[in-house]
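Shared chain: chain A. Partners: chain B in the first complex, chain C in the second.
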Partner chain A sequence: MSKYRVIFEDPEQPEQSAMVLVPSDNWLEEAKAGLLPPISVYWALQDDEQQAIAEGRHATFKHDPDKHAAQWKAPRIGPLTEEEAIEYLVMKDIPRHIWSQEYNRPMFKIVKTEEVPSDRQFRNAWRIAA
Partner chain B sequence: MSTIKASTIQTSAGGAVTLTDLYPAKAWINWQNKTTNVLVASANVSSVADVQVGVFTTNFSTAFSAATYLCAGCSNTNNGTQVPAIGFGTSNGGNTYTTTSIGNAAEDVDAGYTDYINNTILYLA
Partner chain C sequence: MATIKLQGNTSGSGSIILTAPNTNSTRTITLPDQDMALGGAGSLEAWVNFKGTGTISIFDSGNVSSLTDIATGRYNTNFSSALASANYATSFDNTSYHPNNVSVNSSLEGGPNLGTVVALKTTSTVRQTVGTNGGNFDTAQCSVLVAL
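For the complex of A and B:
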């Protein structure tokens, strides 16, 4: 199990509680084995899909076959440490506006697993501590 | 009868193979959010985000080619009672449905969104 979790909030949804990203053990093993494609492969897919959503054609949207195949055909980036893999995961799985822009307080934090509360009391009111 | 032994099976172009008349799950999760968050087991999933009580987002390792896949699953309470109440496209943060991620919600008909000891979900295309 990963030593880390990522806590994040969405500034576009201020009423939303803080979210907790839990990495997959299988995915972490792939990252450590050097099996991941460049992060740009995922960004290209996300960009195309977001454009389709914005243009109202998501219901019939299909990825460009070459861009989709790049997920397994693009050259691998090589082995990552667990810390590097978590940074990669932030850029892959957390919406880009959360980590790519500066806000007046942190919108995400990488924390040790044991730092996440061990009970779920007031779960819907969790916030990132200052 | 022949035996095929291989570590990886791909198409001649290096992509995912098509299995004629077979429709395996493209991804699945066994997710616990009753106490602490634990991704107990999964396939083709890079992470799961705990959004709020009963609501979580699954992020796929390899994106689907189109957002036309289905999800099916059930949740399991502490006493083993099966509650077939996994949904998606819900409000309150579980409203994602893209090729790279999907919002899921586990709902009790009486108590609303609920954290369960196990949420097991298949994603099929």
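For the complex of A and C:
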């Protein structure tokens, strides 16, 4: 099991409590084995889909076959440490506006698993401190 | 010693292609001891089985890079590899235990409008909501199946 979790908030949803990203062990093994494509492969797919949503054509949307196949055909980036894999995962699975822009306080933090409160009532009241 | 026999079809000239996995692993396909025809109705694209209480954790998964614990009874399943289309089928399940013995159900989160669903069911992620008629609820075991 990963030593890490990622706590994040969405500045576009200020009423939403802090969320917790939980890495998959199977995916981490792939990352450590060097089997991941460049992160830009996923961003290209996300951009195309977001554009389809914005233009109201998501119902019939299909990825460009070449861009989709790049997930397996693009050159691999090589083995990552667990810490590097978590950073990669942040950029892949957390919405981009949360980690790519500066706010007046942190919007995400990578923490040790045991640092995440297991009590839901406590976590629902959480805010990420500077 | 078993033999392998490849047989063409007189009704068509299509090819059989076996593609190796995208890892250095050797994978074995073991067929059942009976005649059968493989269906062409798509395939399981992703699955996950996880603990939804406390600090959530993944028991096991396939093509899932992470889960996002959004709030009580609300979870995103994030796919390792994006799917080709967002028009996939989903199945959500959960353990039924609730302290007051009311039923607990899982479903795709979304409002009555298709537009509400769109942002929560993309080729990269899908959101599950678990709850009773009294509100969202965390259960000990949840699962998600995605087929396309």
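One rule holds in what follows: the second predicted complex is superposed on the first by the 127 of 130 C-alpha atoms of A that agree within 3 Å, B and C clash if a C-alpha of one lies under 4 Å from a C-alpha of the other, contacts with A are read in each partner's own complex, and residues count from 1 in each chain.
The rule is simple: a residue touches a chain if its C-beta (ideal position, glycine included) is under 8 Å from a C-beta of that chain, and two chains touch if they have at least 3 such contacts.
The structure displayed is predicted, hence computed values, not measured ones.
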- So, after the overlay on chain A, do chain B and chain C clash or fit? They clash
- For A:Asp93, select first, second, both or neither according to whether it touches chain B, chain C, the two together, or no partner. both
- Touching A:Gln46 in the superposition: chain B (first), chain C (second), both, neither? both
- Task: Could you say whether A:Val116 touches chain B, chain C, both of them, or neither, answering first, second, both or neither?
- Result: both
- Query: So, A:Glu84: does it touch chain B (first), chain C (second), both, or neither?
  - Reply: neither
- So, does A:His68 touch the first partner chain B, the second partner chain C, both, or neither? both
- Task: Using the touch definition from the top, say if A:Val22 reaches chain B (first), chain C (second), both or neither.
- Result: both
- Which partner does A:His58 reach: the first (chain B), the second (chain C), both, or neither? both
- First, second, both or neither for A:Ala33, with chain B first and chain C second: second
- Considering only touches as defined above, state whether A:Asn124 meets chain B (first), chain C (second), both or neither. both
- Mind sorting out which residues of chain A both chain B and chain C touch, each in its own complex? 1, 5, 16-17, 19-27, 30, 42, 45-46, 49, 53, 58, 61-63, 65, 68, 71-72, 89, 92-94, 116, 118-120, 124
- Spell out the part of chain A that touches chain C in their complex, as residue ranges. 1, 5, 16-17, 19-27, 30, 33, 35, 42, 45-46, 49, 53, 58-59, 61-63, 65, 68, 71-72, 89, 92-94, 113, 116-120, 124
- Residue ranges of chain A in contact with chain B within the complex: 1, 5, 13, 16-17, 19-27, 30, 42, 45-46, 49, 53, 58, 61-63, 65, 68-69, 71-73, 89, 92-94, 116, 118-120, 123-124
- Would you pull the chain C residues touching chain A in the complex into a rising list? 22-24, 48, 50, 54-58, 60-62, 64-72, 78, 80-82, 84-87, 114, 118-119, 122-125, 138
- Message: Taking the touch rule as given, give the residues of chain B at its contact with chain A in the complex, in rising order.
- Response: 10, 13-16, 33-39, 42-43, 45-53, 57, 59, 61-63, 65-67, 92-93, 98-101, 115
